[in-house]
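Sharing a structure here in structure tokens format.
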Amino acid sequence: MDMGLLIFLPVLGAIASFLARLKQPGPDYVPTHALLALIAPAVCLLLLLGYLPRIQSGEALVYTLSWIPGIGLDLAFRLDGLSWLFAVLITGIGCLIIIYARYYFAGKDTAGRFFVLIQLFMTAMLGIVLSENLLFMLVFWELTSLVSFLLIGFTWTSRGARRGARMSLVITGGGGLALLGGILLLGQIVGSYQITDILAAADTITSDDRYPLTLTLILLGAFTKSAQAPFHLWLPHAMAAPTPVSAYLHSATMVKAGLFLMARLHPAMGDTELWFTLITITGMITLMVGAFVAMFMHDIKGLLAYSTISHLGLITLLIGMGSEMAMAAALFHLVCHALFKAPLFMMAGIVDQTTGSRDMRNINGLWKTMPALMLITIIPAAAMAGLPLMSGYLSKKMLFTESLLVSAPGWAETLIPVWVTIAGLFSVAYSVRIFHNVFFNGQPVNLPHWPPKKKPAGMLIPLLILALGSLFVGLAPQTTYDTLVHLAVSATALTQLPLYDFAALAEARVPAMMSLVAMVGGLLFYLARNPLFAIHRQLPEVDAKNIFERTLQNCIRLAQILVHRLENGSLQRYLAFILVAAIAPALWMLIGNSDWRGPSELTSVDAIGVFGAIILCLSAIGVVLFHHQRLPALLLLSVTGLFVTLAFARFSAPDLALTQLSVEVMAIVIMMLALSFLPQTSPRESGGGRVIRDLSLAGLAGTGVALFAYAVLTRPADTISGYFLANSVPGGGGTNVVNVILVDFRGFDTLGEITVLGIAAVAVFAFTRDLHLKQRVASSGSLKGFAEPHPVILQMVSRMVLPIALLVSAYIFLRGHNMPGGGFIAGLVTAVALTLQYMAGGLAWAQERMLTRFRPLIGAGLLIATATGIGSWFTGYPFLTSAFAHMDWPILGEFELATALLFDLGVYTTVVAATLLILANLGKLMTVAGPGKEAG
Amino acid sequence: MNHLMIMPIVIPLITGAFLLLMYGYNIGRQRFLSVASTLLLVVFAIWAVMQAGVHDYTLYHLGDWQPPFGIVLVLDRLSAIMLLLTALLSLFCVLYASRGSDEAGSHFHALLQFQLMGINGAFLTGDLFNLFVFFEVLLIASYALLLHGGGRARSRAGLHYVIINLVGSALFLLALGILYGLTGTLNMADLAQVIANAPASDLPLLKAASLLLMVVFGIKAALLPLLFWLPRAYSAASAPVAALFAIMTKVGFYAMVRVFLVVFGLDQAAPANDTVMAWLWPMALITLTLGGIGVLGASSLRTLTAYMVIVSVGILLATLAMNNQHLLAASLFYLIHTTCMTAVFFLLADLIGRYREAGYDSFSIISPLAHRWLLGSLFLIAAVSMASLPPFSGFVSKAWILQTSSHLPGYLWLWATILGSGLLIITALSRTGSGWFWRPGERTLKVTPPLDRGRTATVALMIAISLALSLFAQPVMNYLEVAAELVYQPAGYVDAVLGDYIRHDGEVNSSEVNSSNVNSGEVTQ
Amino acid sequence: MIATVIPFVTGVFCIAVLLNLYRLAIGPDIVDRILALDTLMINSIALIVLADIQMSLGVLFEAALLMALMGFIGTVAMTKYLLRGDVIE
Amino acid sequence: MSRRNFWLPRPLFSLFLAVLWLLMANSFSMAQVLLGLALGLFIPFVTQAFWPEQARVRHPLPLLRYSMVLVMDVIHSSLTVARLIIFYPNQLTPSFVIFPLELDDDFAITVLASTISLTPGTVSAHYDSDAGTLLLHVLHLTDEDELIRSIKERYEQPLKEIFQ
Amino acid sequence: MNDSEMPLLLELIITLFLVGGAVVALIGSIGLAQLKDFYMRLHGPTKASTLGVGCILVASLLYFSYLKDGVSVQEALITLFLFVTAPVSAHMMAKAALHRKLKCSDRTRTGPPDQ
Amino acid sequence: MELVIAISLGVLTSTGVYLILRARTFSVVLGLTLLSHGVNLFLFTMGRLTTGAPPLIGLTESHTDPLPQALVLTAIVISFAMTAFVVVLALKAAVELRSDHVDGEDPNEDRQ
């Protein structure tokens, strides 16, 4: 249970530190904040030590709490030797780092932020190592990437910090995605994300054909995290972070997460050819690249960073070898590395802060000014070099031993020993260098602070502790191994292994020779450094950060270009795409379908019909031919509309004829209103190729529609309409079935339809109100004549037309339920009659004579229609249930009352108001600052 | 008949109409009405979710005409979820807009209500032509909202958006015509059964019609190559509008699910939707890729978010094309997540833009900004969720999608594109974050405008939803699992809607007179 | 007798419509086109009424009436446009 | 204006509308009659603002006679024009004629202008309110003075009677 | 079409109106098509067509008044409407033509006075 | 007759499509109108074509299919609203962008 606490405590700590920072900002409080931040890790450490006995009994403590079983994501914790080892490293070194930071950040008010983030990070790390559920582990995995991003960008004012942070996030984040994929696959293969189950399912996993992919993805995650070549590039640039961060995240803990993962999954996925090849090769390359580049680094942290990379490679290599002993060596070296690399970083930090530089070409002979630091540094440096009696010596020797034991495959047998020896040689060289170059090697060269600033001695405590730890490991390896590492190794092997025999290791001859070679070679190499540096300087300077940034920038530019190519603001292009998308699949589908001609027999051709069809087509084609001269095009368009109307009228659709007719005229008037602001002609601007493209598109579209129409028309019709014809009178109370459908059977459609009309009008109002056109778009101004605006004769007649038109519209409205007509058409007739007044008498003149609040009228219309619908609730029927009654009252005679009529009234009101609102607003565009009432 | 069910359509309609009637209302009253109505919508949506949790299908016979003759509304888990999502989203948008962006033009709230009416109608209707009508309602409203506030960028983008959608509507009518001409009905359930029993000679035509519908819905959902209107339109719209538009593409997705899986999917043995799915799959993957590239290439946060929308559409449609029940459930979960987060980002772009000295939400301009820490943290959290990193809903949804798809053929394509686009998103967002909050260095504004708590709270709340969605994912997932299961049992849908109606004794039905009108005499007296 | 004469009459009006279209096409001036359209409208009223008589339905009066109204409005709008460069002012 | 004028601006016209309604509705049931009257009252009431200010038919009877004459003339003259168009399309001698008006009421002038346009051979092309003239276009002009005189006596005089 | 029991006279009159109307309208359109200048073309349609269509409408009026009991008044209304509006359309078009200073045919005695 | 109708529908569609592919909003509007004519007629014909049988109960004994007519009526109204809207929008855009060119960035569109 309290394993959860292990993870949860640092969160509390982080929150506490955050609050403390809010409460007491400013540098004076750094010590208190540090003390506060120390609590959580310390407690965790103690808890862990408390677990030791149970761990030593070899049991794996597992505690599971269900979270999202649906995706197999549980809050599951696991504490076994491996996780215990890592947890101890994380918390232990964490404590020391915090102590170190207390001095490092002394007098900086960024300290608070550091303490918050470092504890968050601790949470993440503990989460990784203590998770039993792989998905759950992934949560923390990503969290480490994120916190690391924030910590590398800690000093965000510097460009390097920002870039380094982004680089690490992109690389490790990408790795995280790969890992997600890998883990999901693994989960699918095993059927669970619980590590226990996975470790138990080794055979299923390795025999599954998705194994290679799974392994590759998981290793991608691990390699990116642990800075394995070629993903190591981010680590050196992570050195932009403050030294405590580098020491903790980028040497001791986070970069070990990948190694942890490999070690953790080794029993499940290990000992296969693929595993060996992928990991050992990566490890070897990383080992060598790191060691070599480190040699030539002048920046202390840079050198340490590359040496870290090299050591990570080393451990990876060992893990790749896969034998228990190799694993033992790996984990042993992992501990050693943590113990000697952290203090070296701390040393670098102190040197940096006191002298103000990290360049080893300037920093020399510090032994005079900081002897204590020098004395402490001897141990970790020696350990890193792998001098006898040092922890590093043993781990190196273990490595050599293992390298000799590698049997299969052939190439590795000889290559690996040589390889590791050379790498060892380099490591000796750079270890010697960092020590000698910093503390001896003559006089310092123009350092920013000389003599160096004083730092409180307390800052050395964490170094001292770590150094002594390192020394202890070197002197008493067996004890260290037995207490710390052995449990971990057993955990990775899932069995209690025999203890590692260091006595035997001491006997081993060949490894001893190899390390001797490495040491001597390293020393010689170091002595010959200056000519080598000279050569190295000749080599072209490669800055990974710049390469990365450049590639990123190029990708972005490429993306931009591509996007702009596609999304280039050409409406016609988009429309062409859409048409192609519509035509291509449909035709593709219909290519195979030969029987266009359906079974039912054709109706006879009649002359009038053909005549109408021909004229319809001619007028449509005419519109195309004339579309450059806009007004004639409009005339032809209205001819088309007229013949559509005639078609409706001929084929038994009087309602449609009426509607089409009224709509057509209103549309034409609106278009002309707009046209008076637009150019009167369209220039001929599309080239021949374009015209051909469009013509073929148009032709294809037309053919498609024609084929569809023919195919459907020649097939028998079996529709639900019988019901409407049968129920229109008894159920809907009207003989005009179309109208009954509109106001009753499908009244809901009509409600939506008038809403559309209303919205359109309101929208037009909304976006024309601030649009006052002083000048027209183009040379249509010439049209504006001196003729009187409102010819008397036109006025007189149109005024007389109005009342008649109103009567007619009343008639059309009232009979609509039984004969062609209805609210919509009546509304349009009214609107048209009033439009005529606009045209004849002028907007202002007409506005004075009528109520011009169209928007509320639209609202009213919609509300009337809706209210009619709601009314039926009170009689217990659903929305829009119609009710009607045929009355035959004594005096009045026969008449009918129908709620449908009320609904139609709503339609009528909306239509009138909407149409006039649009026209009025278009009309007022010209009247500068519109006289009379506001239109709408 | 339970009238609560039609409320999601009627309430916004009444509110919108009333706001027009009271066109003189000051902005305060408008806001009050608008917020009140949206709150009501949330309430009714919650009711709908619970109702659908109890009864698989709830029907509403408009005008008391039984389907397929009258229009019927169908409430199931799928539509309920969409209703709730819409309601919540719109609530946040209204709240955000009420902090001032609604004053940029007239009738913002009325138009927004009409938009909601359209969206909810599209989610509820069980009639294909009625779906068309509600599409038009939500479109015309969206046109108006898109242009709200004016400006040439909006005019241009709006013009493209409108015209493209008009072409889309024409295609929709074409498809409707073909379907009606061959099946003689419009009710989705009835269509489904007629299509399932259609003669072989009609099948190619029907499938062609379904392909036309794919284009129509593809335009709404922004499927390649129909999506080029989207980036400009979304980045031109005012923040709350763009945020609301986050649901619009999902309407297209929803329509595809309903039409392709139910109407064309009844015949499980030889489904008529195979052709559509075959076409949908590659197009969706390309859409997804292009979206990722666009995210990387975007030059402002709004554009970036617009491409996020495209990415999400790609994922949704690709998963739909894989045509698997459990995958559908997963992608529905993803839909909820992505809708919230894209909305958050549109609002965030505006929120941060207001506090940057120059450049609003542009990446190219380096400008000091106020409230660096608060906005920065907000952005960071939002970005983590958007990049579907744990512990947010995005992680859960993606994990679920990848898991469920891993059994299906071609899953590697899906994985590659999803994970790849994920990397691109992380890259883009890290650039944005560091560019906005780190790059300006210590430079600060001359005058620090006070933080707009209302707007900030709104955004924070929406992000919190994303977190909550992952913390309490399991119940939601269970709900969606059943929702998807129902979608993949079209027979159940058809039975529920049509009852014992079979086309060829339609006469039996037509002879019986609509019950409501028998006793309508006293209704009118 | 009526039945026999109707097709002939309709045919005559079709010819008239063709003549109108001819004028509409050749212009030369826009006013000519408008005049042609106006006449076309009037002739199509006749066509509608004839169709109504032929089918002896009596449901197309309204269509004819609206056609007259709309034709008038259309002509007015267009001439107004020519006179003033604007339709509503 | 007086109370009666306000509520019932044009009694004649209202009646006309009511009758027209009944004819259109094609039923004389009480309900329709009431409806027709209602509309007859309502429509003029809402549209009175749009009406020509002073135009009122003072004497209906001459109006009837006038329209009779008009119909006759239309039929007769259209035959002549038809003959001209068919047989001598190239011997036509069109011309513009300026017609000095005696009427001053806009409405009356409108009626006159329409009359002139309806009678084939003449179209009123432009009304110059300042000069008080109508510009006519004549399809086949033989004697200008004769034309003006005939228009004056056949149409302008009766219109004077009707509207003044 | 059941006009068998229709009295011959009525049928004759209707036929007469139909044919006459057709002819007149045709003449109007011929005029429109072949006359020299716009002002002359204006004459044809503005009344010939109106008259022709008027005749058709009268025919229809008679026909339906017989077919359905009661006067079918719509046609009368249409005719009235046409006769009221036609001159105005003509007037407006003529104004437009004058405004655009259209050429008259060379046979024109006195051209339009320049405004 | 079916063939004639099919062909004219095709022609209407083609002309409409061709016009919406032109570079000026006005042409596009013309094209949209033609297209909607075509589509409305298409939807209308999907009820099959019959003369002299309007869906008016009591007038004739046979009736054509009323449903497509109702649908087309709705469609006409909607496309009217849309046309009006798009016309005004096109006008607004043309005024604001100083040109009604919509085919990509117009060279002679002045930006401020």
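Chains: A, B, C, D, E and F, in written order; residue numbering restarts at 1 for each.
Throughout what follows, contacts are C-beta pairs under 8 Å (C-beta built on N, C-alpha and C of every residue); 3 or more make two chains touch, one makes a residue touch a chain.
Owing to the predicted nature of the structure, the values given are computational and were not obtained by experimental measurement.
Here the chain-to-chain distance from chain C to chain D, counted in touching steps, is 2. Averaging C-alpha coordinates per chain and comparing to chain C, the farthest chain turns out to be A.
Remark: among chain pairs A-C and A-F, A-F carries the greater number of C-beta contacts. Taking the CA centroid of chain B as reference, the farthest chain centroid is that of D.
A straight line joining the Cα centres of chain B and chain E is 57 Å long. Chain C and chain F have Cα centroids separated by 21 Å. Work out the mean CA point of chain B and of chain F, and you get 27 Å between them. If you average the Cα atoms of chain E and of chain F, the two centres end up 31 Å apart. For chain E, the set of residues that touch two or more other chains comprises 30, 42, 44, 50, 68, 72, 74, 77, 81, 84-86, 88, 91-92, 95, 97, 99, 115.
Counting only residues that touch two or more partner chains, chain F has 20, 25, 28, 40, 42, 45-47, 51-52, 54, 56, 59, 67, 71, 74, 78, 81-82, 85, 89-90, 92, 102.
The set of chain A residues touching two or more other chains comprises 569, 571, 573, 575, 579, 650, 654, 675, 705, 708, 712-713, 717, 719-721, 724, 745-746, 749, 753, 756, 759-760, 763, 767, 785, 787, 791, 793-794, 797-798, 800-801, 804, 808, 819-820, 922. Taken as a contact graph, the chains fit none of the simple arrangements: neither line, ring, star nor complete graph. Applying the touch criterion to all chain pairs gives A-B, A-C, A-D, A-E, A-F, B-F, C-E, C-F, D-E. Against chain E, in their complex, chain A makes its touches with residues 785-787, 791, 793-794, 797-798, 800-801, 804, 808. Those residues of chain E whose C-beta lies close enough to touch chain D in the complex are 24, 27, 30-31, 34-37, 39-40, 42-44, 46-48, 50-51, 68, 70-74, 77, 83-84, 86-88, 90-91, 94-95, 97-98, 104-105, 107-113, 115. Within the complex formed with chain A, the chain E residues making contact are 77, 81, 84-85, 88, 91-92, 95, 99, 115. Partner chain E is touched in their complex by these residues of chain D: 20, 23-24, 26-27, 74-75, 78, 81-82, 85-86, 89, 92-98, 113-121, 123-127, 135, 137, 139, 141.
Listed in rising order, the residues of chain E touching chain C in the complex are 1-3, 6, 11-12, 14-15, 18-19, 21-23, 25-26, 28-30, 32-33, 38, 41-42, 44-45, 49-50, 52-53, 56-57, 59-60, 63-64, 67-68, 72, 74-75, 77-78, 81-82, 85-86, 88-89, 92-93, 95-97, 99-100, 102.
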